[in-house]
Structures are given as structure tokens and as C-alpha cells.
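Letters A, B, C, D, E and F name the chains as they come in the text, with residue numbers starting at 1 for each one.
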Amino acid sequence: MIYRTLKSAAGPLALGGLALAAMSHPVLAQEAAEAAPEFASASETAFIFNTLLFLMGGFLVMWMAAGFAMLEAGMVRTKNVSMQLLKNVALYSIAGIMYWVVGYSLMYVDVTGYIGSFAPYSWPAAGTANEGDYSVASDWFFQMVFVATAASIVSGTLAERIKLWPFLIFVVLLTGFIYPVAGSWKWGAGWLDAMGFQDFAGSTLVHSVGGWAALAGAILLGARNGKYTSDGKVSPIPGSNMALATLGTFILWLGWFGFNGASQLALGSMGPNADASDISRIFANTNLAAAGGVVAALVLTQLMYKKVDITFVLNGALAGLVSITAEPLTPGPFMAIVIGAIGGVIVVLTVPLLDKLKIDDVVGAIPVHLIAGIWGTLAVPLTNGDASFGVQIVGIVAYGVFAFVASFIVWTVLKAVMGLRVSAEDEMNGLDVAEVGVEAYPEFMPMHGR
Amino acid sequence: MIYRTLKSAAGPLALGGLALAAMSHPVLAQEAAEAAPEFASASETAFIFNTLLFLMGGFLVMWMAAGFAMLEAGMVRTKNVSMQLLKNVALYSIAGIMYWVVGYSLMYVDVTGYIGSFAPYSWPAAGTANEGDYSVASDWFFQMVFVATAASIVSGTLAERIKLWPFLIFVVLLTGFIYPVAGSWKWGAGWLDAMGFQDFAGSTLVHSVGGWAALAGAILLGARNGKYTSDGKVSPIPGSNMALATLGTFILWLGWFGFNGASQLALGSMGPNADASDISRIFANTNLAAAGGVVAALVLTQLMYKKVDITFVLNGALAGLVSITAEPLTPGPFMAIVIGAIGGVIVVLTVPLLDKLKIDDVVGAIPVHLIAGIWGTLAVPLTNGDASFGVQIVGIVAYGVFAFVASFIVWTVLKAVMGLRVSAEDEMNGLDVAEVGVEAYPEFMPMHGR
Amino acid sequence: MIYRTLKSAAGPLALGGLALAAMSHPVLAQEAAEAAPEFASASETAFIFNTLLFLMGGFLVMWMAAGFAMLEAGMVRTKNVSMQLLKNVALYSIAGIMYWVVGYSLMYVDVTGYIGSFAPYSWPAAGTANEGDYSVASDWFFQMVFVATAASIVSGTLAERIKLWPFLIFVVLLTGFIYPVAGSWKWGAGWLDAMGFQDFAGSTLVHSVGGWAALAGAILLGARNGKYTSDGKVSPIPGSNMALATLGTFILWLGWFGFNGASQLALGSMGPNADASDISRIFANTNLAAAGGVVAALVLTQLMYKKVDITFVLNGALAGLVSITAEPLTPGPFMAIVIGAIGGVIVVLTVPLLDKLKIDDVVGAIPVHLIAGIWGTLAVPLTNGDASFGVQIVGIVAYGVFAFVASFIVWTVLKAVMGLRVSAEDEMNGLDVAEVGVEAYPEFMPMHGR
Amino acid sequence: MKIVMAIVKPFKLEAVREALTGLGIQGLTVTEVKGYGRQKGHTEIYRGAEYAVTFLPKVKIEVAVDTDMVDQVVEAIAEAARTGQIGDGKIFVHALDRAVRIRTGETGVEAL
Amino acid sequence: MKIVMAIVKPFKLEAVREALTGLGIQGLTVTEVKGYGRQKGHTEIYRGAEYAVTFLPKVKIEVAVDTDMVDQVVEAIAEAARTGQIGDGKIFVHALDRAVRIRTGETGVEAL
Amino acid sequence: MKIVMAIVKPFKLEAVREALTGLGIQGLTVTEVKGYGRQKGHTEIYRGAEYAVTFLPKVKIEVAVDTDMVDQVVEAIAEAARTGQIGDGKIFVHALDRAVRIRTGETGVEAL
């Protein structure tokens, strides 16, 4: 049986020479050179495992882009579904390109404390040696998918009224500059990292940053027409498709195992405290926190409203996930459930609060990502002795100020230059007709009046 | 390039000390201590692989929760879609929590033959040594996702008429107690395991147990209004969304590679009969059995009805998967196809049979999971010499009696205490309006009359 | 804690004997036999990694079957959705069976240069030694999922008018014979491989072959009624569900990491040029090319039509993916973006071209898979020094002639024997009512007239 | 000839159809509509905010009949559709000048 | 003035629209409906059980016209919609008392 | 009694409903329809090919009223639905012979 021409000459048996090259102790090297074909190198095995973790984690987080797309498509009205889908496909693509153009370097390369360097980031070409504990391209891939998450959050909040192009330009700046600079402070080993700020997989760094950007946009953009009546009441605008919203939530939940699990950043270490064990704990905790968020929202909406609002339950799952993201490793199972459940409670209580402030957040992204993200970051010291409340608050505030102010400026400029909002008529007719030209369900006539 | 602060000090090079600690032979240990930094420990490499298998298998099976949600949402009427989605999100969450609260211990810890122990099950805290061949948290995660499957089966059968809360209470008891106790008999190394009962990934243990619980509920709950006319005819109630039903089936199919494949329970063993090879056979067989189920249902419905009923074809895929689940390793490819195809035939023939008995199973879960599950369990001795028909029948009967009787008692008590069924009016208006308060497709006016 | 009865006696500690057997140098063997329980064998570790790559890649590519199903279900009209879903479930199943019946052997076993051998292909039974660098069953699984992709392409182009059974018979022949024979020329190490033709993951071999088969069918089948008006105009027929189309595109995008990444065919090699690093580059490039295709289609449709056509953007993502598939490893990030972007441009420009020729391609599969596939294959020499334009063209032409002619003959025979096309009345009423008997959204009344 | 237009609860459609078939009525047309009468809708809560559901789903049944049959038809519909609760619906009758069966070109009562 | 209400096969909508445009008709209203006449539906099988599809999809075209034009309009619709098979549909005509164009407030024939 | 049938822009439904409620109207029926009048639709491009969107979504509001109230009702609808742009819609009025409230059996003006 012959199977596809091998792409790489370096099969397992090519190992000998490499192992040799990697050795420094001459006598051992001598012995090893002979034995090498038989045993696997520890560091090279670890290299493969670590890289595999990034690739697996990466494709799982990439899948979250679909999750956001489905969730948001389900939460907007029929007339805006194509637009919402389009925005999600576009933002994921733009994020991926911008993170190569400049984002990754700004975040990780020669970080001075507050910012990295301006340059495209390229990994070694095929056939070039790749040093370190993992493939740098796998690391880039894994970091890249995170930045799209932040942009998806913005897209959900501002749905049904923002014009396509100013939104996409904001995404360029968010994913190329705002997020990477903020990210460098902690994950790029900048000043917040030096201070001891803890944010394992990014409750603050990813979710709150996205949430702040969304909040700034929501304030400048204003609410959808008809959301708040002239007599100060909220006039709910139900989402068009709960099946899509649920599918999106499940996709996000699945992707979160990559988001949190692969943020362990290593799989290949050996020994009793192996990273593999830590990742396993993270998987279990991540799931328990989401479950806690679901059950909390389920019970709370039943008690408060006598019916179970499925949109709150879906938000509850996500809020549970965001809450555990700042520290998915150290909590025991009970604490994981509690941390997630508080996230679920937060959503149910703060969605109406935002409405009181007339901040129109179509999918509930601000409660889920920003507020639960803050909660999760504050909860780290409860289970992780390396974290302190003081430093966590410094981090939360620093990220809040930077992300909100930077986003606010960008939104303001965009508003001045090209306008953010579609015309009232386009909003009424739906963005699909106005800007996309393709209705999402063209054979289906939406029902007017309730 | 600096990349996120490392979470773990134990990089690959920290291996030396550990390897040392693990050794008993003094001379070898001496040599190894020097060589250790260069070579990977076999047992520790295996530990990582095994853990990885559980995590990958686990996230694939977790994804099946989305599959059940989509399948069931597609098979119910528009007016009950939100409820069905909600039930699936809730049951997966409850299952996850209950399996920590007591389920896992009942199933695997100190099993006396018939039952394990009553206690929450927690894995070692972060930073504690984790002995054995795999991370115990990864094992918990993998076992946990299985229990949700059993609950999903129940949800599908009883759709469109059961009240939310009694259903959820049943899920608490099923996932916390009934399933774990039953599971302990075989996978917990209890009495059926001692007898030699074979059920690789749970045709009986998971699928039939879920099916029996569903059957008990369906009998007590009665059929949906209008399903059976007064003159004894069946009045079909078409599902609302074949795209969702198909998506759900594909999701389940994908997840099943984790369900069956990772039930090999080890990936890291080496040698010519490596677990990796066995898992590969399982993947291939699992796929062939599903394909067999599809083709059988396709051909059979064409012959019987002159049209190909897509719902039977989707059920056929799942029945093929359930059929191979009891033994996905030993069959050759031809047998895998045959076993799956018989599953497909079973579905096409037994769905109308259930209707004759006026047992209203909305998604066909009883034929797919219970009946095909029995078939799969009976088919094990055809290809696996370690199994005998006698013992397989003992297992099938034991599980059937226990799961059916226990479920029947729980359903009876719930019925007496709080009632199982929504009012006729709520059923007519749909559970979404009655219990969820959020319609699945609120802008879409369902069509009445056919 | 006891966990499910172990299926395999060969735990990691069973390694000793194996390592021994594998050694040739007696003194080393002596030492190794003692040390063996402690260190992992390099070749056996690689065996597991390689097998894992095939399994992971395989399940990701399997998931693409769902992607095609959703994409196509979203691009057809409501009245043909069930049929399109059914075809996709059926073709994936048939492909899987046929590839065992004869396909794999024709492609890989004893290839003479132009064709392999006629025989079912079975992997070693459970418990039999499995030689080589990976589990052969995992390889079979991975190759099998590729063949379904080729068939899905055909299904998309010919949607909404082809009868179920002739289509399925074509799938039998395509997946059992046409694709495998063509595949043997390159991946089976046949004549084109000997010539130096380069097609890493199958831009030509999989995508163009599917595209040619679709083109032949489209010519013989003719356009859908009403697509081209008598005065020579195109009368567009909008797809029914953009959410499904977008979901399908995201699924395909995710699956493509398996498609391209696992086509590296090895993960376990060690050393600085490890396969793990190459796979990482492939992941990054694959993502960048898709992103390039999206951005190109986005900008181009905005410029050309003043609105952004989401269906072109989705096609753009896929065209980017197809374009990079012939060589996802050697391009740097910038080239990956460019190659993908040209794919996106191709789609936007050639879809209307096909319409000019009155070739009715419902989902745009010919531009995406055939034309972008040719482009991708031609682009290989731009970054890969081993490829030459001349040989690439020979390959493209050879595959084109063979796939088109063979398909044309099969379609012609099918047309003569049983007819390809449903009656005008069935086409009008929709294939769901005519051939499936189950409408996709039965409670939803499609809107007539625009 | 008259057109009888009845607006009834959706789940009563089948009963009305049967009642009309019982009278020998050979054709009718159904439209999905929404409306309100004395039955005023209700309030729902979505994401913590209350809103009124003003319009409730109904089906509109239109049947063209010979003037002779109007009483019978109205009676039959009313009986079949009645549950005794608000929201049972209304029946409206108006004159029909002309009816044509497209296939055959028949007109008048023949065409019904 | 009269209202002509035609219930035709959905795929005939475009032909009817063209025929009416040919007569100079400048406006019409279309509703998705279901119904049956001589054409009685058919049976389908779902999961092994037979059921009757009683109602078939149709479109209802309503067009308000000057009384003078009624004959022409009825004729044009009938011709455009006819396939000669059962299920071709029906045309009903009834009186229209008043018509108002909302934008301008014009009434009567002016408003059509 | 009369039936007033108004075809208006969908987003005006709520305003019309409120205007009618203001007049004391206690019931109405709404249908989703499509149509065209002077407002002729527009062209869209899909996958590079232009096509005409002939029919635009509208809602049809039917309300049965006492003859006395017709003028008021027509006036109120027209006012509430007017934007001054083409596509504002039309109002048609025709006679209603009989009305029955199914629940109680009341007839005539009582039943409205």
C-alpha cells in the first residue's frame, strides 16, 4: 500500500542526527547518538504535544466565530440576519489578517511594558529550524483566534443599526491595535504582568476589552428605533431564531474548552503535575461553571418571571464561561459551579439595568462579557493565592480605561467622518435589504405586529 | 518573542527530577537521572496521550448535546422549539453538576458489585500529584458527557407535552442516581462485568438505559393530543425543521467518534497492537455502521413507500451508530456495515410498531436508542469471542428491568406530586408561550391545516 | 477508583518486549531491554502521533459533510431543502462504503501508474500487528472523508432539479471509481507523481475533479426552469436561508484545518523541521487564505454592486480555501493572503460568466472548486521550488480531461437509461414533495412572487 | 351568492372544515391572520421587560356559497368553532357578484 | 368599482401579473393562502403513517378595478391562470363602495 | 355595516391600531400581504445578476364597522398611515351583510 507522496523527509527515523545536535554533554551525546533511533527525545516530544495543544485549542476557538455568528443571527430580527452573518464572517477574516499585519508583534514582540513593536509577524519559513518549546506558527494561530472573539462581542451589541463599513474599520483598529496593545500589558509580559495581575485566559483581557469597546459604541450609536418608547418604557425586540441562538451557545461552549484549556500553553510537560492534568481540571471547571450559569439563570428567571426565559439561560451559560475564564485552574469543582452561577445571576440582573440606562445591547454582550468578565477577574484571589484583590482591580480599571477611551475616540472619529448609523428608513427596512442586498430568508414573510 | 506568562513551571526540562522519583532500580536510576533530560518517559508520554484521548473524546461527546438539541428542535413543531432547546441546554448542565455531586462516585468509587459510594467526586487540586495512567479529571470529564446522552434521549421522546420542571427533576435523578448505579454494574466493574457482559461504549448501558427511561415516561405521559385519532389511526405530526434535524444528526455522528473511539480508554500504549490502531479501527467501523444505517433506511423507505423519508434516513444513521456502539472494535468493515444496516432496518420497521401501541415517541428515540441498542448488544458475540449470547441477554434484561422500573417509579411519583403534563390548552398553544415565554421564531407565523 | 474494564492489556508498561523485538544492535538491545520500561520508543511515539493526526484530521474533514449539507440547504429554495439534505447524508454514506468496497485499493494499492487494484480494502483485524508509521485504518479513514468532498461538490451544482436515484448512482461511480483512479495518479504515486506534479491536499485532485464532474452534469441536466428567461436574461433564484449557508461555510472552514493540516501526513517526526511545525504553518496559511478570499469578495462586491453580496463573501472564503489547498505549506503569510484573495476575486468574476454560458450552478461550486482549484494548482510554483508550471498544467489538463469525460459518459448513460431530471411539475412543486415526501419546513408557507 | 368569511381559532380549522364538508361545501380558502376582538392579547416578559402581545393568531376561512345556503353555513361554522371562551371569532357575510371556475370557465353557482 | 379576487396556482402569479399589467392595471395585492376545491389534496406518508394533505398552497390576488374593466380583468386572469387541470382556481367579484389613496387622499376610480 | 380594508406599510400597523382604538374600535384582523401600486418595487443584484422586486410587503387591515363610523374610520386610518411617500397604501370599503359573534351568537352591529 502506497499512500500519498510523503511531504516531509523527516520521518521518525531521521531523529538521530537531530538528537545529536541538541546535546551538549559529550559522553551522553555519544551514547545517545547510538541509542537515539530507539527513544523519543523528551523536549521534542513535548514540542509536538505543545504544538498540538495550540492547534487543537486554536481550531476550537476558531469555531467560536461560528458560534458568535449563529448566536447573533438568532438574536436579531429577520430583516438584519444576513448583515449580522456577514459582519461575523468579515470580522473573523479581518482579525486574522490584522493580527498578522501588526497585532501579534504589538502584543508579544519586544514589549517595553506598555507596547510591543510595529511589524508584520511571520513565522519561520517551511524548512527553517523552529526553536523553542512549540511551533511559533501554532502559537500565532492560537493567539489570532482570540482577537476575533473580542471583535465578535462588539458586533453583537451594536447589531441592527450600525453601518457595515464603519464597523469593519473599527474592527481593523480593534484587532490590529487596541486589543494587542492592551494584551501586551499582561500576556506580552508588560507592566500588569510584572505587577502580578492574573487573567488566565482573558476574562478581562479578551472579554472585558471587547465589552468596553461595545459599550463605547453603544453609547455613541444610540438604541435601535423603537427599543425605548417615549414614555421611558422598554419595548423588547425579540430575536428571530432561538434555534440558531442555542446552536451558537453550544458552539461557544465547545470552543471554550480550547479557549481555556489551551491557555495552559503547554501539554507536553511530564511528571505528576503535568500540564495534561491541569488542562483536564480546566476542562472540568469550564464545564461546571457554564452549567452553574445555566442553572442559576434557569432558577432565577423562573422565580422572578414565572417563566424560564431561554435567552437568559443561554446568556447564563456564556456568563458562567466568561466568569471562570480568568482562573479556570485553581478552583475546585464546587467553586467552579459557584463562580459560574454568580455569572448567571449577573446576567439576569444586569440586562434590565442596562435597559434602564437606555444602553441597547442586542445580544446581552455587555452583561455577559464585560460585567461577568469583571466578576471573574475579581474572583481569582478566592482560589489562587498568587492573586490579590488590589492588583486585580488595578488591572480591571486599567483595561477599562484604556479600552473604553481608545474605542470611544475611534467611534467618535468614525461617526464624524462617515457616520455610524444607517438611516431611519434603512433601519426600518432592515440592513439586509439596505446594505447586503440579500435577505436571509427571502421566501419567508416576517410577521408584523404582535 | 515572549508569549503569555507560563502557567506552569514544569516545562519539559523539569523532567529530570520526576523521572528520578519514579524509579526504583538504583543503578538504572543513576544512569537515567543523567539521561533523563534527553528522553521521554514511556509512562509519562502515555499519561499525556491517554489524557488527551479523554479530553478530545470528551469534547466530541459534549458536542453531541448540541446534536440532540438540534435534532429534537427540528423534530418538534414550531410552537415547542424554544422549550425543546431549553430542555437540552438545561439537561446537559444538570447532568454535569449531578455527576459531580454523586454520579461519578456511585458509578466508579468502591463499587460493591451493585453500587458505588455516595459522595461528591473531586479530582486532585491543581498542584497535587496525579497518579495513574491518565489525569483523573480528564476521566471524569469523559464519563460526565456520557450521562448527558442518556438524558437527551428521554427529552426527545417526551417532547411537546411534558412540563419543564418535572422533566428536569427526572433528569436530576436519572443522571445522579439511576444511570450511575446501572453503570457501576459493568463499567464500575460490578456484577455484570464479573459475569463477562460486553458493552464497549454503551449500546445498552447508555442508549438502552436512556431508552427505557423514555419508554416509562411515554407510557405514563400519554401521546400528544391529536397524534392518534379516535378511530385508531395515526395522525402524523411533521417536525418543523429538517435542516436542524440533519444538522443534529451530523453533529451526533461527529461526536460518536469520541463516544466510541475514546471508549478505548487509552491512546498511549505502544507496540504493534497499540491502542492507536484500535481506535482507528473503531473510527472506521463507527463510520461504516452509520453509513450502513443510512443506506438501509434509504433503500427500505424507497421500496416500502416509493419516497425516501428523510427522517427515517436520519434515524437510520443514528441507529447504525447505536448498533455498533456495543462493539465497535472487533467487527471487520463488512460486519460493521451489516450491523449498522440492521439498525437502519430496525428503525424503519419499529417506528410504526410503536405507533400501533400508541406510544408517542416524538423523535424516534426508542427505536434508535433502545431497540437498536439491544440489537447492538446482542450482536457483540458475532465478532467478539469474549462475549456470549447468554450473558449479553442477562445484561440486556437486567438493565431493562432496573432502568424501566426505577424510571417508572420516579415518573409515577412526579406525576402524583406535581403532574407531568401541561394542560390541553398549553399544549395547543405550544409550550414556548406557556412555559418559556419566548417563541423560537417569533416573526414567523406557522401555517395551520395541511 | 476503578474505571471501565480496560479494553487492551497493552498498557504503557507492556512496552519492554516490543522495544526489544525492534532492536538490532545486540548490546544496545541488552541495555535497552532493561531501560525500556522507562523511555518511550521514538518510532512508537511517532506512530501514535501520526495516527492521531489522521484521526483528528479525519473527523474534521468528516464534519465538512455537514458543512456542505448546510451550505447547500441554505442556497436552494425552501421546497428543495429536504432533498438537498438527504442527498448530502446519502452521498457521505455511499462514499464511505464505496471507498471500502473498491475505492481505496484503486487509489493506493499496487498502483501501476494509472490505476490501483480492484478489491475491498480492509485493515488488519483487532489484535493483529499493524506495521508502519501509522495505523492503516486511520489512514483509510482520513482518505475516505476526502472522497465525500468531491461528491458534495456535484450535489451542490446540480441541486433543485436532479432526481435522487441517478444522482446517487453517479455518486457510487464517482467515489468508487472515478475519483480513486484519478487520485492514484498523484497520491497513489502514479504517473503524475512521478512527473513531479504537486497538489498538497487536492486543489485539483479533490476539488477540480468534483468540479469537472459537476460541470459535466450541469451541461447535460440543463438549468433550473426560470433561471434564464427567454430573452436571454438571468433571473436569479435566491437561496432560502443565509444562516444555514453561513453556518455551512464556517463548518467547511473549520474542517479545512483537517483537510490541509493532516495532509502533511505525519505529526510524530522530531527535530527542528518537525512536521508539527509544518502543520502549524499550514493552519496559519489556510486561515489567511480564507480571510483573503473573504476580504477580496467583500471589497469587490461593494465596488461593483454598491452592496456586499453575502453569498459571494461566503463563496470567497471557500475559494480562498480551495486556492491554498494545492500548496498550504510553502507560502509565507503574505502570499497565502494573496493566493486566497485571488480565489475570492475569481468567484466574484466567474459566477456571472457561468450564467452567461447558461450553466446553472446552484451554489457556485464550479467557480469555487473547479476554477479556484485550477488557480491554486497553478500558484504552487510561485512558492514551491519543486513545482513547475509545465507539469502543473499537465496535471490540471489530465485531471480535467479524465474527470470531465468519465463523468460525461456516466451522466449520459444515466440520462439515457433512467433520465436525470425530475418532471417540470415536480420541479415546480419542489423535490421535497415529489421525491422525499417530507417538507423541510412544513409549518412555513413560502412566499411567492417578489 | 355570498362570501362567508369566518375568523376562528387556528385549532378549530379542522372542525370547521369537517362541518362544511358535511353540508356539501366543495371548496374553501384559508388565510393565516392575526387579530383581536374582545380577546385582548396578554403581556409577556422578554429579557426582563414586559410587552403586550396585542394580536393573536387566527385563521380566516373564506367560502363562497349560494345565497340559499348562507344560514346553514354560518350556523355550521359557528357551532364548529365555538368553545365558549373569548377569542372564538366572528363570521362576516357579504355579497358576491360573480364567480368563475378558471379551468372550465363556468360561472355563477356552478362555479362554486 | 369592483374587487376582483382570484385564487390561482402560485406559479401562475407572474403570468397573471403580466396579463393585468397588459390591461393597464396599476396595482394589486397578493396573499398566500391555502385551499381546496375540486382538487382535493393527496395523501403523504410520514414515518410510516399516512395522512391527508387537504389544503394546497394557492395565491390570492385582489385587484380593485373600475366596473367597466371587470369583464376584461376576469378574462385576462382566467386566461393567464388556466392550465386546464384541476386546481386552476377561481375568480370572485364583489362590489367596492369606496376607494381611497392614502398618500393623496384621492377617492373613487382615481384612487385605483 | 361595512368592511374597511386598508393596505398600509407594515411599520404603520401600530399607528393605525392606536388610531382605531382611539375611535372605540374593538376588533380588527391583520394579514401579511404583498403588492404594488404606484410604488413599483426596485431592482436588486444577486450573485451578479439584476432582478426586479415587484411586490413589496404590506399589511392588510380589515375592520368591520357600523356604517355610521365608516367616514371616521377611513379618515383615521388614512391619517395614521400617511407618510406622504408613494407606497402609503389604499383603503377600500365594501358592504357587509351580516356579522356574527361566534361565542355569543350575537349578530349585526352588536357583534362588531
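Basically, contacts are C-beta pairs under 8 Å (C-beta built on N, C-alpha and C of every residue); 3 or more make two chains touch, one makes a residue touch a chain.
Remember, predicted model here, so these are calculated numbers, not experimental data.
Visitor: Kindly list the shared contact partners of chain A and chain F, in label order.
Guide: Per touch definition, common to chain A and chain F: C, D.
Visitor: Quick check: more C-beta contact pairs in B-D or A-D?
Guide: Higher contact count goes to A-D.
Visitor: How far is the middle of chain D from the middle of chain F, if each middle is the mean of its Cα atoms, in Å?
Guide: For chain D versus chain F, the centre distance works out to 18 Å.
Visitor: Any idea how many Å lie between the Cα centroids of chain C and chain D?
Guide: About 53 Å separates the centre of chain C from that of chain D.
Visitor: I'd like to verify one number: the distance from the centre of chain A to the centre of chain B, where each centre is the average of its C-alpha atoms, in whole angstrom.
Guide: A distance of 29 Å separates the two centres.
Visitor: Find every residue in chain D that makes contact with two or more other chains and list them.
Guide: 17, 30-32, 34, 45-46, 54-55, 94-95
Visitor: Return the residues of chain A touching two or more other chains; collapse runs of consecutive numbers into ranges.
Guide: Where chain A meets two or more other chains at a single residue, that happens at 19, 39-41, 45, 47, 52, 56, 136, 238, 241, 247, 305, 307, 309, 311, 437-438, 444-447, 449-450.
Visitor: Provide the full list of chain pairs in touch.
Guide: Taking the chains two at a time, the touching pairs are A-B, A-C, A-D, A-F, B-C, B-D, B-E, C-E, C-F, D-E, D-F, E-F.
Visitor: Tell me, which parts of chain A touch chain F in their complex?
Guide: These residues of chain A touch chain F: 428, 433, 437-438, 445-449.
Visitor: Across the complex, what residues on chain B touch chain C?
Guide: Listed in rising order, the residues are 19, 23, 28, 31-32, 39-43, 45-47, 49, 52, 56, 60, 77-78, 108-109, 111, 133, 136, 139, 143, 186-189, 193, 200, 238-243, 246-247, 249-251, 253-254, 257, 261, 263-281, 283-284, 287-288, 290-292, 294-295, 298, 302, 305, 307-311, 313-314, 317, 329-330, 332-334, 337, 444, 446-447, 450.
Visitor: Spell out the residues on chain F that touch chain A in their complex, using ranges where they run on.
Guide: Going through chain F, the ones touching chain A are 10-11, 13-14, 17, 30, 32, 34, 44-46, 57, 59.
Visitor: Spell out the residues on chain B that touch chain E in their complex, using ranges where they run on.
Guide: Residue list for chain B touching chain E: 233-236, 238, 304-305, 307, 309, 311-312, 348, 351-352, 355, 364, 447, 449-450.
Visitor: Please output the residues of chain E touching chain D within their complex, sorted ascending.
Guide: Of all residues in chain E, those touching chain D are 2, 6-8, 31-38, 54-55, 58, 60, 70, 74, 77-78, 81-95.
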